[in-house]
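Labels for the chains are A, B, C and D, by order of writing; each one numbers its residues from 1.
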Amino acid sequence: MEHLPQRLLEGYSAFMRGRYAAERDRYRELAREGQTPETMVIACCDSRAAPETIFDTGPGELFVVRNVANLVPPYAPDGKHHSTSAALEFAVQSLKVKHIVVLGHGRCGGIQAALSPTAEPLSPGDFIGKWMNLVAPAAETVAGNAMMTASERQTALERISIRYSIANLRTFPCVSILERKERLSLHGAWFDISTGELWTMNPESGDFQRPEVD
Amino acid sequence: MEHLPQRLLEGYSAFMRGRYAAERDRYRELAREGQTPETMVIACCDSRAAPETIFDTGPGELFVVRNVANLVPPYAPDGKHHSTSAALEFAVQSLKVKHIVVLGHGRCGGIQAALSPTAEPLSPGDFIGKWMNLVAPAAETVAGNAMMTASERQTALERISIRYSIANLRTFPCVSILERKERLSLHGAWFDISTGELWTMNPESGDFQRPEVD
Amino acid sequence: MEHLPQRLLEGYSAFMRGRYAAERDRYRELAREGQTPETMVIACCDSRAAPETIFDTGPGELFVVRNVANLVPPYAPDGKHHSTSAALEFAVQSLKVKHIVVLGHGRCGGIQAALSPTAEPLSPGDFIGKWMNLVAPAAETVAGNAMMTASERQTALERISIRYSIANLRTFPCVSILERKERLSLHGAWFDISTGELWTMNPESGDFQRPEVD
Amino acid sequence: MEHLPQRLLEGYSAFMRGRYAAERDRYRELAREGQTPETMVIACCDSRAAPETIFDTGPGELFVVRNVANLVPPYAPDGKHHSTSAALEFAVQSLKVKHIVVLGHGRCGGIQAALSPTAEPLSPGDFIGKWMNLVAPAAETVAGNAMMTASERQTALERISIRYSIANLRTFPCVSILERKERLSLHGAWFDISTGELWTMNPESGDFQRPEVD
């Protein structure tokens, strides 16, 4: 008996025959020289929104944090364990990435949970509830708009939370300093699972628009 | 001017012409019916170790948390924001995944940092230092072993920390209960960036072995 | 000197040489037999959103009301002059249309005015202010959401007001009775001036989606 | 299943392939810069008399109100909802149009209703009856003229009501002031559905004449 789900073993076998075989030199070089990704992506855990798939990227291209609803907490140097802040520090200070992309997506389960605050917690620890508290003020405002449909409220909060994460990125001194020096740029994007559309955030207005691609 | 790095726009365009075009029906169904991944993967942010690439999986298959060094903190229902615990709760309680895989890899920058505790922090907040404190006792022991080479110490701690994350998974009541009922199984795996080899953890002994694949 | 703007005279001349010449028989028949449009459209006065253009329709196809922001007031048989209600009554009772489409659009000046209620009235009569009072409760709710961008608030209210107009259509007994008998159906649509996209309203959820067209 | 009548979806598809494809830049500019139409048209809802068709105009050219029988009520700053007055205020004060055209047409159903005041109301609300009351004095006089044929009475009232609408436009202070300053001019026109002839109103005499066009 093998120690991984059969599906993953088969997938791994396909990887070795396919991508690894084709990019063996690239993998060797990446092992020898270390990674030098230009872009950090903060994405959601959702199984339908993997950044490597959406951006069709290969090994070494994207340094990726994934948490529920692609949130960035505000800067808090309090000595606690901060998963996302640690990854951010590593990407910016050690890898010296040039771009950070916050990638949200439609039909996000975390955002949905934030819009239903009175629902029962998923477990006594209520970790999702606590985590989504990061966007609680926006969630309350949006949830209270009974004239928008459930789907419209969901999309609205998904986009607000991308802007919120970008604002929080700027609370980290290393991010704001490098951005001011134009050595780091911040981006927002939102992926529509159904249509495959990618909407990118206009950095001035915060609006999401579809880029011109072929 | 577009609002994403040019490389990502080109990659997105390739995705739309390629994978999305080929799997449009799958994406539509995933949007309509929601995601039902069977597997959660806890992986590292490293740009060389994306689980969707290593396991050659398509949309909807893997629910993925990525943090530095693929760590799971122990259960701590203290009302704070816990990124990884929130994702775990969501995967287990809401998505009802059947498998959780902790996927480590070689040449991990976070593990390397943990083995050099006297190095200067990357920033005043020292978020990586605080985050890697999660494996500090193991790191101290391994770092103190002068008879292993630097590379052996690194691999040793990478594997220890996978076992440590799996042990921490079992501190979550929902995980241990479902594992006892055989409705959830926990797995460890370690990916060698250079050779592409995947080593899977023997659940009884904790040893890492190469699986038999074609 | 002619008594119409030169541009309109030239356009009329082009119409006579073009469309009228091509459809002379159709015009004669429409004059002789009377109009029998199957569809009534309630559209905005905006110069960028003419329904005959967007739907590429010819003479006799669409019975069209156009007012600022494509609003339908609620049923009010009070003996006053009601422009939109009169057109509705004529379309439903006399022409027996089978469809009513409320057609909104992006960047609507009326909706923009409704979202800036503290702006100075355009004239002492404040006719736009009074007219847009029809959607005042929704406008207040949307305007108060400071976490959405101005453009997002605008689109939200444009879509809310389409749903509101459709709800008001159902306050007319003749509409609700015929709809129940399945002899009349109500539709919502929203046109994006910039991209040319048409989004149609899902009658169950009220959500706006892009239809599948070639 | 789509949410619009099939005919409109097909027409929209033709628009996208045709006019939109050809005028994409114009639409983008109109979205970005806003509309700046020089002319407001007050036209009838009749499906055979769309002003964009008769004047062969493109996007951004005509700001269009359409109500039954192209009527303008007199100035009444009474705090009620006034559809046509609101559109007029917006066109004159905000868009600063240079021309207002009242466009009537032959075989107008509203005018016909006004000439048959003893006919049964179309619905208990009698919205058409109330709306056409705006031209009741003229309608009574014309209806009482037994020496004109029915068709002559109809054309007579169609033209009287165009002059009446133009007179009412001048009851709005903003219109009369701007007309006096020669920054706004008012026009009347009447369209013959059968022959396609356009008759324009001589502003001095009020007579309708055929303009000289190629």
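Please note the rule applied: a contact is a pair of C-beta atoms (placed from the backbone, for glycine too) under 8 Å apart; a residue touches a chain by one contact, two chains touch by 3 or more.
Chain by chain, the UniProt names read as follows: A, B, C, D = Carbonic anhydrase.
Predicted model only: the values in this text are computed from it and were never measured.
K.L.:
Please identify each chain that touches chain A (Carbonic anhydrase) as well as chain D (Carbonic anhydrase).
P.N.:
C
K.L.:
For chain A (Carbonic anhydrase) and chain B (Carbonic anhydrase), what's the span in angstrom between their mean Cα positions?
P.N.:
The mean C-alpha positions of chain A (Carbonic anhydrase) and chain B (Carbonic anhydrase) differ by 15 Å.
K.L.:
What whole-Å value do you get for the distance between chain B (Carbonic anhydrase) and chain C (Carbonic anhydrase) if each is reduced to the mean of its CA atoms?
P.N.:
Once rounded, the distance between the two centres reads 53 Å.
K.L.:
Between chain A (Carbonic anhydrase) and chain C (Carbonic anhydrase), tell me the centre distance in angstrom, where each centre is the average of that chain's C-alpha atoms.
P.N.:
40
K.L.:
Take each protein chain as a node, join two nodes whenever their chains touch, and name the resulting shape: line, ring, star, complete or other.
P.N.:
line
K.L.:
Let me make sure I understand the interfaces: which chain pairs count as touching?
P.N.:
Contact pairs between chains: A-B, A-C, C-D.
K.L.:
Quick check on the complex: what are the chain B (Carbonic anhydrase) residues that touch chain A (Carbonic anhydrase)?
P.N.:
Residues in contact with chain A (Carbonic anhydrase): 2-5, 7-20, 24, 27-28, 30-32, 34-35, 37-40, 45-48, 50, 52-68, 71, 73, 75, 77, 79-91, 93-95, 98-99, 101, 106-107, 109-110, 113, 122-128, 130-134, 172-174, 187-189, 192-196, 198, 200-203, 209, 211-214.
K.L.:
Residue numbers of chain C (Carbonic anhydrase) touching chain A (Carbonic anhydrase) in their complex, please.
P.N.:
Of all residues in chain C (Carbonic anhydrase), those touching chain A (Carbonic anhydrase) are 137-138, 141-142, 144-145, 147-152, 156, 159-160, 163-164, 195, 205-207, 210.
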